[in-house]
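Note that the chains are named A, B and C in the order they appear, and that numbering of residues resets to 1 at the start of each chain.
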C-alpha cells in the first residue's frame, strides 16, 4: 500500500522551522544531483542507478549522456534487465518491443503491436542530464518545471576553470541528511585524532575551537547556489581536555616542524541540495567536494571529490599522481572513512523519525539547525512514495 | 496484526470490471490446484507445501495421497518439523502427542492427555486430494462447500486418454497472475526470437500477427472448465519491423527447409483457476500445460507439463525419451525460461497494487482484460490474510 | 513510525484474565533480568546486550559491573561501536567526545564543546546492576521506581548458600513467553522419550501422569518471589498409550536397574518475571534454573543453569567436573535442546498475536493459564515500542 509520506508527519509540530527538511527523507525535488563519474559510462555504455528512489537508466550516445526512467510503461519491467538498442537514438524493451527515443521518451515503435495508437503518443519519462568536471548530473524534477543551470546546485568554485578533480564513489548506509550536517559539524574533530592523514601531512588537529563563534555565514541571497559556511579559523584552537577528574586526559595533534605552511583547513560549507565543500583539504590550495545523493530512506551515494586548480597539463598530471599515491589512501580511505563510519552508525538512529526529536544538540551545533532551516526555506518539493511507486 | 485484505482496496473503483481478480493476489478459493508431481511423493513419504499461503502436509498411504493442515491445533507447531506416524491411519504431533486421523482430521488420541475431552471432538483441517496424469491436486476450499470434480478446473484435453505427460516444477518469483496473463500475451514473441528452441525445431517465429484479430474465444457457458482461447493462426504473420528511422531493424525467424510440416503453434488458452494450454507446442500433435499455483503474494509454483497423445507403450517411451533429450533442454530450460524471466521482472512491478492501475496496455492486450473479467465473474471467493494467519 | 503497542490490542477482550501477559510481548518492566554470566565480562571488559529491546552497555570496573544505555544522547550513535574509556569512572563517545559517568550517567565533559551547558546537566540512562551466583542481573525499570532486591525476582533456592552453578547461554528464536510456559507444560513428556539423557541416567520417563491433578500450587502471597509450582509426583505415571486402533503403540521409558534412587523430577515451577526451576534435575539433589530474557518480539536469551548444593570445595569441584563431562552434553545439549527446538517451532506460530486466541489448550494446560493470570496480576508495566525507539 502506498504511503503518502516517507516520515511520520505527526512530529511536524516539533520541527516547525525546518519541517520540509524533516520531510525530505529521500531528498528534495527539482534539484540537480550527481549521478555517476564520467568514467563510469563510456561511449555506447549504459548504467542503471537509483537516485531519490527513482530507477534511472543512463546511456552515453556519441559522447552525450541521456537518461530515462528504467521501467517500461507497458508492463513495468526494467529496461536494464536486458538493454537492446537497435538504433543509436532508441532503446527497445526486451519483452514486447516497446521502443523509446532517448531524447524525448516518445514511443517510436512497438515490435509486437506495430499499428498501436500508443505509437507517437505515449511517452516514457526523460531526465535532463548535464556533465561537468568529470561528473554526470541528473535533474530530478517535476513535469513542466524550468530546469535551472547546473551551476545553481553545485558549490561555488566547483566549476572553476583549471580545476582538476579526482575521486571515488561509494554507497553509504545512512540517510543522506547526515552528510551535509557532518559538513557543519563543528565539534567532531575528536573523531579524527587517530587518522593517518595527520601523520602523513603533519597537519594540526585541535580538539576544537574556543571563541566568538561568529563564523557562521548564511549564503541566502537572490542568487544560487545557497549554503551555510562555517569559518572556524577565526577562533582559538585548544588541544587539551579534562575528562572527569583527570586533567588533560585527551589531547589533539600538533607537530613541531610544520614550518610556514598553513596546515589546517579554515572553512567548511554545505550547499543545496546536499554538497560539502572544504577549502584547503587535504592539501593547501586544494578543495574537497563531497556530494550526498539520496538512494532511498537508508542509503546515499557519496561522491568524494578531491581537486586542485592547475595551470598546466603538467600540474594536472602531478596532482592526479598525488591523488592516486597519497590522497586516495590517506584522505579518502582513512580520514573521510571515519566520517562515513560515523554517518553509518548515526544512520541507524536517525532512520527512526523520532530521532530528529530526541537528539540533544549542543550550542555548537547551531549551524546544523541553520542548514535545516535554509534547506526548508528553499524547498521546491520533497520526494514522496508517490514519486517512486 | 492481521490485515483484512492482501491488496489496497482503495484502488477497487479503478478496476471495476475485474475487481475480484485484482483482489485475488494470493489466488481464488474453492478451486483445485496442482500440489506436486506424483513422483515427488512415494508411498509412505510425506511432503510439506505452501499453497495459496496455506501450509499443507501431504502423505501417501497405500497409494492414496492425503492432506492436512501442517499446524497442530494445540500450540501451533508444524507437524512436518518431525513427522511421526505410529499407524498408517494417523499422524502424531511430536510435541505433546496430539494424534490426527488422515481421512477426517479427527483427534484420535493425545499422548500427554489421554483422557482429554478434545479426543473425538477437535479436528484438524483436511483437504480433498485427487491425482491424475502424474500430478497430485488439492482443493483449497471453504468449509461445507460441495467439491466439484477435478475435470472442472483443468484445461480441456488435459485428462484425455492416452495423454502422456512429462514436466518440471519450479518456484517463480512473481505473483501468480502474471502466469495466465502470459498465456494470452499476443505481442510478446519478440522475447523469444533468440531461443535455441527455434534452431532445434526450425520453427517459424514471426514478430507478430496482423489482421482481423477476431481470434478471442471466451469459453464461458454453463459447463466447466472456463477459459479464454487466443486463436491467432487466422491472422497474417509479419517478420520485419522498423525501429525509428531504421527500416527493418528487427526481424523474426524463418527457415528455408521447414517442408510440409506445420512448425508453429496456432492457439493458446488460459483456464480457471490459472492454467495455460498451448496446442502444438513444442512438437506437432503435442500439447503444453502450465499450472500457476500461488504460494504467497510474490511467488508461485510453476508446473511445466509437456504432453503427447500416445497409442502404444512404445510411443509413450519414445515421447518420454524426446522429452528428456530435447524438450527439457530446448523448451523448458530455454524457451519457457525466457517467459519465467519476464514474469519475475514484471513481478517486481506488479507486487505494488498500484501497478495494476499504472500499466499501459495495447489494443492487442484486450484478451488479458477478458481473462481478468472472466476470472472475476466466476470468483467463488479470494484468499485473504484471515484464511492463512 | 512508532506504534503504541507491540500487540494487536483488538484481541484484548479475548484474553480478559491475562491481558497484561498478552501485552507483554517484549517483557514486563520493573523486574530484574539476567544479563550475562559473570565470566562473560572480565574486569575492565565491556559487553553490549539487547534486553527487552533496550540496548545496554555493560562494563566491569574494579570488580563491579555498571550499565548504561548504549546510545549517545547527542546524535544517537552506539557507544559500543568504539568503546573509549579515558578514565575508570567514565566513557567517552568516540564521535564528539560526550563523556558520561558510569555511576550516575552524568555528562562530565564534552571534548568538542568543553563549555557547553549540557555538562553537569544532561544525563544518559543508567541501569541498576547486581551480581549473584555467577550471573549478572540488570533492572529494567521506570524512572524513579524503588528498586526491589534481586532476591524478589529469582526463584527460591537460587540464592541458597553453598549452591554451585554452571551453565550456558543461547539465543532462542522464539518469544520469551514460551519459556516459562514450557516449565508448566504438564503433557510434553512425549517429546523427551528419545533423549540420550535417559540412557545416561537410567531415568524413568513416563508418557504422563494420571490422577487427582491437585498439584498446582500458586505462590501468590505478600512476599516475593511469586510463581506457579507443578507438583506432579503425587499422580500415577503411565507408560503406554494407544494410537487409534493400535493398542500401546507409544511407550515411555523405564529401566530395570534403577535401584533405590529416585530417578525422576518431582516438581517444576515458573517464577516472575520468567524463570524456570526444576528440582532433582538432572541429578538427585540438584536443581535446574532456566532464565528466559526477552531480546525482542521474536527472540529471547536463555540461561540454562545447572546447580548442586556443595558443602566443600571438593564437592564443588566434583560437581563442576560432572557438569562439564555429563550434564552439558546430556542435559543442556540434548534434553533441553529438545525444548528449545519446540519453543522455536511454536514461536513461529505465536509471533502472530492471533495465535494466543487460536490455540486449543487441553485440561492439563490449566497451569499455563494460571501462570498467565499470575503474571498479569503482578504486572508493573509492559515494555512498549516507546520504551525502545
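Keep this in mind: a contact is a pair of C-beta atoms (placed from the backbone, for glycine too) under 8 Å apart; a residue touches a chain by one contact, two chains touch by 3 or more.
Everything quoted here is computed from the prediction, not taken from an experiment.
Peer 1: Could you work out the angle of the rotation that brings the CA atoms of chain A onto the matching CA atoms of chain C, rounded to the nearest 5 degrees?
Peer 2: That rotation is 120 degrees, given to the nearest 5.
Peer 1: How would the chain B/chain C interface be labelled, same or different, where same requires over half of its residue numbers to be shared?
Peer 2: Chain B vs chain C: different; shared/all numbers falls short of half.
Peer 1: With chain centres defined as C-alpha means, what is the inter-centre distance between chain B and chain C in Å?
Peer 2: 47
Peer 1: For chain A, what residues touch not just one other chain but two or more?
Peer 2: Residues: none.
Peer 1: Tell me, which parts of chain A touch chain C in their complex?
Peer 2: So the residues of chain A in touch with chain C come to 8, 185-191, 207-208, 210, 238, 241-246, 249-250, 341-342, 345-346, 348-350, 352-355, 358-364.
Peer 1: Spell out the part of chain A that touches chain B in their complex, as residue ranges.
Peer 2: 1-2, 71, 73-78, 81, 86-87, 89-90, 92, 94-97, 99, 101, 108-118, 122, 389
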